[in-house]
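Each of the next two complexes has chain A plus one other chain: chain B in the first, chain C in the second.
This part shows the complex of A and B:
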């Protein structure tokens, strides 16, 4: 792994930005590793949760945003609950996803972006998830047409995949949520 | 006929689990002169002691054996017990059936047999005991404090406030020590000089304190309550009684020398005071650099001294001081960073020590408090601090933690961020150790509020590149190499013993550890006493210590010294060597063997037939003798005997166990 060159390789203010968005001070972390030890998905992560925090502390924006770890975070908040320094780690992961989507660096993880995008598009239009539509949209976006096909067949046979998407009553409420998030993000963008 | 009582202790299950107490008591009852045997769950407890006192009265005992733990634990306890019952305290013998029997054996039968043997030996020995009395010696109610840093200052003030005279001996021209060189002090960031200089002034103004600055202890004779110390007052070439410290001399002096106080970062004159608030504010001529001493002319200082205080032909003065107690507060020195070639200290001017950083950041320092790097005077933007340089490194002979560096580096980080706007601070560390009140919070402040970036790992190399100092290290939390391009590198130097600490220890007759730090009598229970009675330790001469701990230890040493000086007279050791003059041939082989200089020759007159002959014999000074027994081994005539361990008593023990 290549060496960190300090302070040159850092993006000044990155740690502060993450702290502000996440509503928690990443510099409070003293790297005990309890978050990584208790994380249920850490085995699949390219960087352990404590390493993500460490890189954020050192303003290593490019390296952090190229990681998949914060996309894999299941937001179970085990880490936040257990942290002795009260660092809200799950919120940090959220903040990183937000920064990543906005700055387009998610290109480094195209499938994850495709998955999240497909999910949000469907929920916005129908108010709830339609598994088959989600699968189709994700497959088209990720261009991975036949991956996991055996799983798809099993789901189909058990009647878990509905052909016609269901709709909920309060779709306009969901649309409202999306609108407010967009407005909030525009405001955030304006502030920066 | 002696009447001996034997008291066997269970020590809960400590002894009773391995030794059959019943068999021991039965066997003891059969031993010669034993008239009473008892056993107790805990003999040292109040009921246990009461049973001894009761038995002494009931059975008319005149000697007591306690079979229990080591005499180091409770010999004194039981001496007091039998003394309270009217016996001489030395008519006691302890059979150690715990440390030397039950604790080290597993076989109950064999351990019981050994315990019986140990009791048998004790009974045989105590039968030979005689009453001993100790002599008393007067106490000189004056203390000496060696060293005038914060430890010495605090100890001197406390002893003086307790009402005793104090003589302070400081080898540099001023009080203050290392603390005077510091800028701010953790964890409260008070200015070091602001809290120190009032105490320095208090020392010279205190009616009970005599200060000998620029003086050194040459020799220490005597013993607790009556030490005779020889002090060399080095020639300042200035009459202290006349010098007003006006400064005319050092303003006019043409010779500039690197200032020791500023660690070579600034200059002073050949006639100087080390720093403006120096106490005493008396000038000193540095004869190695003064033109007059080198070439025989100049004398400018003399011309401008209105007080006529310059004395070029002043000589060192030897004075003798009698004191009852001595507090050693000789401090530490910084680890020599040149030992780490890979960090380039001494080679690259922008690699400095923590203490040098203190001078750079200090408002009265060579840069007037502006942090400038030594090479080109530029204000550094990126500063790297490297911790544990000369600490926790066995390869460099310093396996211990210097205890102060984590905190002073956090302080340096805070000061850097405060003084240099927009600066970046990186700290390489192995562990962050903050065991003190408010210490962890202070460290968190450095990293959270003041934005110091802590990198866990030891630096492998520092080298210059394009006007920067490149620091190569590892962030072990990430498992990544780290390269920091710094403008200034500060090495957090560890603390090591003074270069002459061992020499001082030998003068005082106290012990020191493998690193040259003076050793306390017990690490937990006698932390400020030495193994030599009447000599106490304060501050970093005993081991690395920060200011709060140093002051606390100085207060403790002062209270011990004051308690000693409060006594009218001191009781000497009763178990000392004594000379059988009839047997002594006067060879005096014993004299050089005695580590306490307690033996000397004495002339006696004897009548042989009708003639009176005079001859030399050895004499033991009871105040000096510690009862170590070295002389008894050296004596060719068996004329020397250690009271309480006479040849007769020891042979009786041998006889008892190997009949």
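This part shows the complex of A and C:
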């Protein structure tokens, strides 16, 4: 866990951008730390959840986006439920991952970013997730080639990994959704 | 018969196929008819909401639209997967509350939003709220008296409560009531809603093994014979990471992790084969043997039961 040193300046507008995308007001946080106390993965985070919120409040975009904390967030939503100030922290963590991806900065947890990317690529091409295909793509991207091979064999033997991806008729519609969302994001990026 | 549109979700075609098989076998016994949504697609899951708010809404909205188009006009979708359920609920609520988001999603869909009248329902919600615990109890032909069951809810069935709402986010009871309807004893334990880290199971094994070990340890300390869940990520994680979790604590937990539909199916007299117990990693055989022994003991004592 890092000590939080309050800086002099930041990236003006970052806190507002995060609040808008997350649909919650990060400035409402008074840093009680209840989110961090109940977070199941906080022990593995560099900054604690309430520290991430404080950095966001202070527009510390670079420091926040280089952190691993929001990538490790397991989206369990315990923090949001317990926050006495009704800050939706889980949605803030989502917003930070989205801003990180769209800014093109290196992810603080490259494997997790590779997992999400592999998952979505498979959905874009087939309309549904093909678990085996997703796992193969993830392993190539993350270079985690040999982890869980034994587990994969066990699942295969139990018929739990479909070999052939099932493709739905609407896969072109699903691919179109991806295309339109990405086009919209590219347009927004140009306006910034 | 109550008719539901059925949205299985991707996991139920693969790692959670036991959940699909056992639910389809159980449904007619409880007066439910499931009509699979035509050409459904992935809800987007964590990968979408963790990386693009609009993509997450549009992917889920496509399926709510398809449910609205179903002939027969069932307004309720039964969504067995806790993740899919959560995504569909969040999407319905966000689109109902924000007309700006609605038009953004319509532009991403290239289609009108037609899902406003559709309600996604979780499995415990349907069984308790629509079917009723008495009807479930009446369908039981092999009471599971003597069996101690830890109901594990995890995250997505109960959080955030403003969207899920059918059970308490800190101390849920719905699955415990279903367990009681089978004649089994729901154990009181502290980890009902602790996150198992399922979303990180592939990417961060060691971290997840610790969370899984905590949950399994708490269930064992409460004297549970078995854990039941209604979430494919939780089941897969507690089952497939149980070996690694045991290693980190120098123990063999040996705790089978069943879908609630498998436990209910067992009590309602469905065969082990139709409930797909053979596809679990942690063997269910000792549990089935215990159920048989308890049944024999009950018969020898002249108690009721079949």
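One rule holds for everything that comes next: the second predicted complex is superposed on the first by the 160 of 192 C-alpha atoms of A that agree within 3 Å, B and C clash if a C-alpha of one lies under 4 Å from a C-alpha of the other, contacts with A are read in each partner's own complex, and residues count from 1 in each chain.
We adopt the following convention: contacts are C-beta pairs under 8 Å (C-beta built on N, C-alpha and C of every residue); 3 or more make two chains touch, one makes a residue touch a chain.
Everything numeric in this text was worked out from a predicted model, so none of it was measured.
Engineer: Who wins on chain A residues touched, chain B or chain C?
Structural biologist: Touched residues of chain A are more numerous for C.
Engineer: Go through the superposed model and pick first if A:51 touches only chain B, second if only chain C, both, or neither.
Structural biologist: first
Engineer: For A:61, decide between first (touching chain B), second (touching chain C), both and neither.
Structural biologist: neither
Engineer: Examine A:98 and indicate which partner it touches, taking first as chain B and second as chain C; both and neither are also allowed.
Structural biologist: A:98 contacts chain C only, not chain B.
Engineer: Looking at A:184, would you say it contacts chain B, chain C, both, or neither? Reply first, second, both or neither.
Structural biologist: The answer is second: A:184 touches chain C but not chain B.
Engineer: Just to be sure I read the superposition right, which of the two partners does A:4 touch: chain B = first, chain C = second, or both, or neither?
Structural biologist: After superposing on A, A:4 lies in contact with chain B but is clear of chain C.
Engineer: Where on chain A do the contacts with chain B and the contacts with chain C coincide?
Structural biologist: Chain A residues touching both partners: none found.
Engineer: Going by the contact rule set out above, which residues of chain C touch chain A in the complex?
Structural biologist: 10-11, 13-15, 17, 39-42, 44-55, 58-59, 62, 94, 104, 107-110, 154-156, 159-161, 169-170, 193-195, 197-200, 202-205, 207, 211, 240, 278-281
Engineer: Hey, which residues of chain B end up touching chain A in the complex?
Structural biologist: Against chain A, the touching part of chain B is residues 382, 424, 426, 444, 447-448, 451, 453, 456, 475, 477-485.
Engineer: Sort out for me which residues of chain A touch chain B in the complex.
Structural biologist: Listed in rising order, the residues of chain A that touch chain B are 1-8, 25, 27-28, 31, 50-51, 54-55, 57-58.
Engineer: Which residues, counting only chain A, touch chain C once they are in their complex?
Structural biologist: Residues of chain A touching chain C: 21, 23, 40-41, 44, 72, 74-78, 80-81, 88, 90, 93-95, 97-98, 101, 109, 111-112, 114-117, 119-120, 123, 127-132, 135, 138, 142, 144, 147-148, 151, 154-155, 158-162, 166, 168-171, 173-174, 176-178, 180-181, 184-185.
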